[in-house]
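The following block contains the structure, expressed as structure tokens.
To keep things simple, chains are lettered A, B, C, D, E and F as they appear, and every chain counts its residues starting from 1.
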Amino acid sequence: MQEYLLSFLIITGASFTLIGALGLARLPDFFMRLHGPTKATTLGVGCLLIASAIYFSMHSEQFSLHEVLISMFLFITAPVSAHLLAKAALHLQVRSLAKVPKETQD
Amino acid sequence: IYARFYLSARDDLGRFYAYLMLFMGSMLGIALSENIIQLLIFWELTSVSSFLLISYWHQREEARNGARMALTITGLGGLALLGGFILLGEVTGSYNLSVILASGNMVREHVLYQPILLLILLGAFTKSAQFPFHFWLPNAMAAPTPVSAYLHSATMVKAGVFLLARLFPALSGTAEWSWLVGGVGLITLAIGAYFALFQHDLKGMLAYSTISHLGLITLLFGIATPLAVVAGIFHIINHAIFKASLFMTAGIIDHETGTRNIRQLNGLWQYMPHTGLLAIIGSASMAGVPLFNGFISKEMFFAEAITRTSDLQLWWLLPVAITLASTFAVAYSIRFIHDVFFNGQAKNLPQTPQEPMRWMKIPVEILVALCLIIGIFPLIVQPILGPATVSALQAPLPEYSLALWHGLNAAFWMSIIALLGGGLVYICREHLFKFHDCIDVNLDGKTIYNFILDCLYSSSTRLTGLLNTNSLQNMLFVFFLFALILGITPFIGSDSAITGTRAILSLDALSLLVVIGAITTAISVVIIHRRRFVALIMIGAVGLAVALVFVKFSAPDLALTQLSVEVVTIVLLLLALYFLPQQGQLEIGVLRHSKDLLLASVAGVGATLLTWAVLTRPYENIASYFTEKSLPEGGGKNVVNVILVDFRGYDTLGEITVLAIAALGIYAMFDRLRLSGPTHDQDHREWNWDTKPLVMATFSHLLLPLSLLVAAFILLRGHNQPGGGFIAGLITSVAIIMQYLANGNTWTQSRLPANMHPLIASGLLIAVLTGIGSCFFGYPFLSSTFTHMYWPIIGDFELASAMIFDLGVYIVVVGATLLILINLGLLHQALPKSKNIKDQHLWKR
Amino acid sequence: MRRLLPSPFLTPILAILWLLLVNSFTIGQVALGVILGWAIPFFTLRFWPDKVTIYQPIKLLRLICIVIYDILIANFIVARLILGNPDRLKPTFIIIPLRLKSDIAISLLANIITLTPGTVSSLLSPDNSQLIVHALDTDNAEALIASIKARYEKPLQEIFEKC
Amino acid sequence: MNQLIISPVILPLLIGILLLFLREQDIFAKRVISILSLITQLSLALLIIQAVSHGNILSYALGNWPAPFGIVLVADRLAAWMLIITALLSIFAFIYSTLGTDRVGRHFHVLFQLQLFGLNGAFLTSDLFNLFVFFEILLLASYGLLLHGGGRLRTKAGLHFVVVNLAGSTLFLFAVGTLYGILGTLNMADLALRAASVAPENIALVRAAGLLLFSVFALKAALLPLYLWLPTAYANTSAPVAALFAIMTKVGAYSILRVYTLIYGEKAGPAANLLEYWLLPLALSTIIVGSIGLVGSKHLRTQTAYLVVVSVGTLLTAFGLSSTLGISAGLYYLPHTTFATGALFLLVDAVLIRRGDFSDRLDPGPVIASHHLFGGLFFITAMLMAGLPPFSGFLGKFMLIKASLNHPALPWVMTIVLIGGLLSMIALARSGSLIFYRANAAYVDETITKIKVLPHTHRPNTRELLPIFGLLSLCLAMTICAEPIIRFTNATALQLLSPEQYVHAVLGKRS
Amino acid sequence: MEALISVMIGVLTACGIYLSLRNRTFSVVLGLTFLSYAVNLFLFVMGRLTVGAPPIISDAQTKYADPLPQALVLTAIVISFAMTAFVIVLSLKARADLGNDHVDGKEEA
Amino acid sequence: MLTYALMIAFGLVSIAVAICFWRLFRGPDTPDRILALDTLYINTIALLILFGIYLGSALYFEAALLIALMGFIGTAALCKYILRGDIVE
């Protein structure tokens, strides 16, 4: 049972990781590409971390919860990275399919 | 005495006498040395002191040049002599003269005889101004007169022939000796005499005559019959006497008239008849006129020349040549007297001459008297000549007769021919001068010497410039090429296979992917390296791949370190890139590119093969010791960490010192360093207005305590799990860098200790003191200890002294990284605030 | 009090995080966690520009749950969008006028927007009054703005800003 | 446990740390502490040399871990010899720096002490990787010192020096790695043991590692063709630093001597005599190229830098003979050339500051203050450098040629060493003549506007003359006490050529 | 696997050498960074490639990767980090003193 | 079962890594490359977790933790550079 759960989590996590990357590959402009990794990968890695927590809680005498910390870090940092990247892209005026509001052009 | 009056009062007499004493001492040393090395030392000292003496009037151009020329030539000889003597010492097994002289046969039969002979003769010939090294002597004439006189007629140049005489028993008696010594002597004799005739400078004439006479003596040694040696030694004595007197006379003339130009000097007889008389006697002796000492030795010389060559086919050549040389000798002697003391009136003399002071003449008078006495009663030199010859020959004294009159033999006739011919030549001198001027192609030694030296200087400069273009690219290229060649050579001709016998791991797709990704990225960086910012982004990926390799192959500690270092390095590079051109310029030169590419590729293949070769070979290592002892004796489970802080803690101490020095060095470099960054990015876009993105700032505050917690975690567990002081230090630094990124320099700076130096120092101190602590307990430096404290309630708590050491590491890393980063950030602040955003706008409008 | 315990709020959090980090729950580690949680704020507090006060902790927990739920949903939505035909997507920049004033609230909102369905917060206006958000696929910008304001901004305002 | 061996390493480090606590303004305190430290280091070096003078080799296991697992320090005659040379040189270089060099930039004193930390550590270690670490310490400190004071040319030379040495460090690690990868150990004594019995299929690899290592050492020693970094670097740094750097190339020479007598020495089995075909020809070519550079220099400092190149060539020629006599000659020549070049760098500096804008250009300039004093000193130093008797330079060269007598390369060694000496003499005579003899009061009148400080106002002071005199008198002392010194160098050479002593001292019973 | 790592080291070395031979300080710094990657990897793999055996003592493990090269690489990484930092700042200083970022301080036409 | 899942997961993440590399080379804009690097960092975390489970070793946890932190700093610094040039202004 646990093994199935683990396997499911692992496959899901890996799939989302891949989907995030696919977004990076397939979407037509930078701002759209930004969506893929920032969201999908957080969940992907999140699933893997849960899998890891379960696995190590099972295989050692104590609970393994330190994976929570990685998730915490990621949930804080990934959006900030995305925000900064978007900001930089707006600054550089990279090609965008969406109409860029004039407010960005200070 | 003579010198005292000759030199004017303004000259620094003390210095002059010091040099003179040094010189005389060395000469004496040469004469008395019983050991060839000792002899050599004195020999070189004469060269040096003669340099000092000649250049005494260093304000004069010719004095400086002459001195340097003399030093160069005699120095060359001295070095040759050193070589010759060492070889000689090796052959005979001793540097002791008596031993060497006794083992003449051994020397002559030895394979090294020729080099020894050549080297020693080179030494002797340069010193004695033999052809083709004769030219330095006239050029050394710029020295003060008494010095020249003493130096050149009596002593210095005689050192060479003295050496010939001294080593005669050991070296002579072979065909090489005869041809070399005799040949050089003959040429020198002829050339010296010929040039002497055409000199217009009194001292120049005397110098060339000295050369000629030295050639004569050398020739005598070259003839190498016992009697020739006797004649040679006898002529040494005679020449010393008459030439010294003539030099002093010339000095008097110079002193009294202010010139030494023979064409200016005329009819001095009426002003200074006494000096004239002295000069006549000296010259006559020099010309070999009967009744004077020069005649007798010359006579012996003629005789020996005939004896020696009578069994050769070209026997007539030598006597003819020497007769011709003597003819010229007679001619220049006559010229010395006639042109100076008679021959009309003096023209344009700088001073009106008069008889010199009494004290100046006395030494000359004594010398001249000696000329006469020996000339008429040659036997009085017997007490000197005898022992000298014996020591030179190392054989019983041959029978010889020193007499004024030997009868009407060939030698006598040769003397007569020379005397008459000399007179004839002098009378026809005007024609000869014209002839000389015609053939004078300036091919004298001095010109050649100067040409050679000029070539040496200019070609050296050019060659040095060519070799050392002061180009970093060339230096590095040469270094890599050199290392590559050296690294490859052992494999040439080696028959062992590159691939070893060790089983290899199977490949998996993920590793292949990551490595190929890294390789492609690396190559892309090379291709786009001029787009610097993009190159930096890509470098990050390579670093990540390297970290993954560390992870894959069981090195978690390394992966952690690599990751942290990577980021800090990128931050550093970004900080620096701001002040550098964003875009590299295209480097021109296909040749350079292809050359570099070729070298890099070969080196890459080399590194690959080397790695492959090692990786496929089994090896026996000392690793098991560490894994066995780490826990029981090092007190830690993380073997890598125990190695770092314990087994090889000394390395780590060095490593953090490197980091500290780097920080200090960088800090020192920032001193007075001013740079201005661009006001626009590379696409001429203005910088964004937002210096402190709010979202980032907020979360950076939040992340700081979290990161510090992680750092503490990594630090404390390092001894047993992956981690340790260095990584913890970097995490701390990165957390603080984050504050810089988010909040800017000024804001962050004000919240940090102003001075990082004490921090670095404390860290180092902690590490060192931990090490020294063990010394107090009688253990070696850095011996560690650890205890498990079973504290009530709290439980097992391990404390290893090595962990304190790691704390020191941590502090140093934090201090050093922050010092570097803070200062890099401050670089910008040090500038006037001209690139304010508002200013930019103003400027744009 | 202030001097002895600079941050009564941060200390326990750090202590708990420490226990999570070391992955073990012994008295020694608790003690160590408390010590660190007590010591680290001494250094870090000066980096906190203004004091963060949480007025309604319960609502914070609720918000966290909402966000986690939204993240899950968002991922599936985005996954579908990515795997579908990218040409059919209608990306838009939307401008959200902000009522939030505190830095922490604005930042959290920006982060939450990025983490949730098809939106990435891209730019904050200089006066912090507007947030420009990039939406991956939207037909109705106004509805999206309204939902964000209601779902995230309001709770955040209640949590961090005393009205 | 005898802590003597570690003390010359730890002392400068501790002092360096201590100096780091002091503020920039405490210059007097810094100087006093530094000089006391230097004197103590000298005493320690003397104690060590006394301790090893009977031929015993002392070892010191750091952290109480036995070799080859831990790092072991070893003091043998060679190490002690290098320590004492370093200590002597650094004292005088430091005294000269107190004329003001030490205050024109930051952290001079700290870097100076840490430089000594690196040097002493490198001389004492028996571990190859540890040698790398100490190389890096001494290099990094030297980068700092080299750049100290700043200036355009200095920065450029510094950049070249740093980058080239970084490339060298990389190669060092490649070599160390290969050795570990094949032989599985890092201790040089253990490496020697294992290299001697290396499997035939690994011989080429071990030799390649040795040659890579050699190219690193050759770079540090400035051997042809890797000397290119040296002339500009040495010519453009401050005088006391250049003087101190007189020992830097010797570190490379030391390493060559250590590694290639110990690991790749005659008794090393298949890896033996690795440098047979490399060292001697390269060293001799270095003499040639150095001499040419010497003659071709247009600046006195560049010329002095080329003298360093020539002396490296001569030194390594001696080592390259790899005989007792050759090594002994080299070991005698080493301190001589170190002190003499050190003195010359200081002297040139003392002269050039008196020449105003003429600086060290080899052009006739003004008559400098204390003309005779400096001229005389220059003359003596030149004699030392050119190897003219009766000074130590002559003795060194004499020993060298004598040592080459039974070597097949005798004609080459003799010709090149002698011609090198001649060229040095020609070049130095020319420089001396240009600077001191052709100096003319007239130049002062012509260029009086150009010279900021009238040269005549520079009276030599004690801190200027003491180091120069000190270093020169060390050379004189080497001449006078030649006999005991040569006895010592002979014994050192013998010790080096029987590496089993070293191995035994390090590995004890295991060997 | 060994071949793959060997090639990686080789390529990094080649890139490092090529870049360090360029005429701009920044490229040289990049080249040196590559060289340090290459040499760190090289030194590391001298302990041979072992998967899943980190040298951290535990009861579950019987074999350990050679810890010594790892410790050496750690030291080497730190040292090359210090050196890189130094060169980076030195290149800035060169830019300030020489007026451009050419390694020899000369601007080519 | 778990092993198969891990293998599949490794495969999926590998493809993700490959895509990131591709985007890194492809660009076209600088932010694209930074994004690719950032994603690569996160994918690496995934890899490390998988690897940890695969080997049953918790030793790779710190590396993952560190990447989360370091990747962020790297991305932030690069973005700041685009925006301001001087990243610590």
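We take it that a residue touches a chain if its C-beta (ideal position, glycine included) is under 8 Å from a C-beta of that chain, and two chains touch if they have at least 3 such contacts.
These numbers come from a predicted model, not from an experiment.
*Asks:* Starting from the defined contact criterion, work out which chains touch subunit A and subunit E both, please.
*Replies:* B, F
*Asks:* Moving step by step between touching chains, how few steps can get you from subunit D to subunit F?
*Replies:* When the steps are counted carefully, the minimum from subunit D to subunit F is 2.
*Asks:* Return the chain whose centre of C-alpha atoms lies at maximal distance from the corresponding centre of subunit D.
*Replies:* The chain farthest from subunit D, judged by C-alpha centres, is C.
*Asks:* Farthest chain from subunit B, going by the mean of C-alpha atoms per chain?
*Replies:* Measuring from the centre of subunit B, the most distant chain centre belongs to C.
*Asks:* Which whole number of Å gives the spacing of the CA centres of subunit A and subunit C?
*Replies:* 15
*Asks:* So how far apart, in whole Å, are subunit E and subunit F when each is placed at the average of its C-alpha atoms?
*Replies:* 21
*Asks:* Please work out the Cα centroid separation of subunit D and subunit E, and write it as a whole number of Å.
*Replies:* Inter-chain centre distance comes to 29 Å.
*Asks:* Could you put a whole-Å number on the gap between the CA centroids of subunit B and subunit C?
*Replies:* Between these chains, centre-to-centre, one finds 72 Å.
*Asks:* Which parts of subunit F, given as residue numbers and ranges, touch two or more other chains?
*Replies:* 10-11, 13, 17, 30, 34, 36, 56, 58-59, 65, 69, 76, 80, 82-83
*Asks:* Touching two or more other chains, which residues of subunit E qualify?
*Replies:* 20, 25, 28, 38, 40, 42, 46-48, 52, 54, 56, 68, 72, 75, 79, 82-83, 86, 90-91, 93, 103-104
*Asks:* Pull out every residue in subunit C that's touching 2 or more other chains.
*Replies:* Those would be 17, 21-23, 110-111, 121, 126.
*Asks:* Which subunit F residues qualify as touching subunit B in the complex?
*Replies:* Against subunit B, the touching part of subunit F is residues 10-11, 13-14, 17-18, 21, 24-25, 27, 30, 33-34, 36-37, 40-41, 44, 47-48, 51, 59-60, 62-63, 65-67, 69-70, 73-74, 76-78, 80-89.
*Asks:* Could you pull out which subunit B residues touch subunit D in their complex?
*Replies:* 15, 37, 40-41, 44-45, 48, 51-52, 55, 58-59, 64, 67-68, 71-72, 75-76, 78-80, 82-83, 86-87, 89-90, 115, 453, 456-457, 459-465, 467-468, 470, 472, 474-476, 478-480, 482-483, 486-491, 494, 496-497, 500, 607, 610, 613-615, 617, 619-623, 625-626, 629, 646-651, 653-655, 657-658, 660-662, 664-665, 667-669, 671-672, 757-758, 760-761, 764-765, 768, 771-772, 774-775, 778-784
*Asks:* Provide the residue numbers of subunit E that touch subunit F in the complex, in ascending order.
*Replies:* My answer: residues 52, 54, 56, 60.
*Asks:* Mind listing the subunit A positions that touch subunit B in their complex?
*Replies:* Those residues of subunit A that touch subunit B are 69, 72-73, 76-77, 80, 83-84, 87, 91-92, 106.
*Asks:* Can you tell me which positions in subunit C touch subunit A when the two form their complex?
*Replies:* 17, 20-25, 71-72, 74-75, 78-79, 81-83, 86-87, 89, 91-93, 95, 110-115, 118, 120-123, 125-126, 130, 132, 134-136
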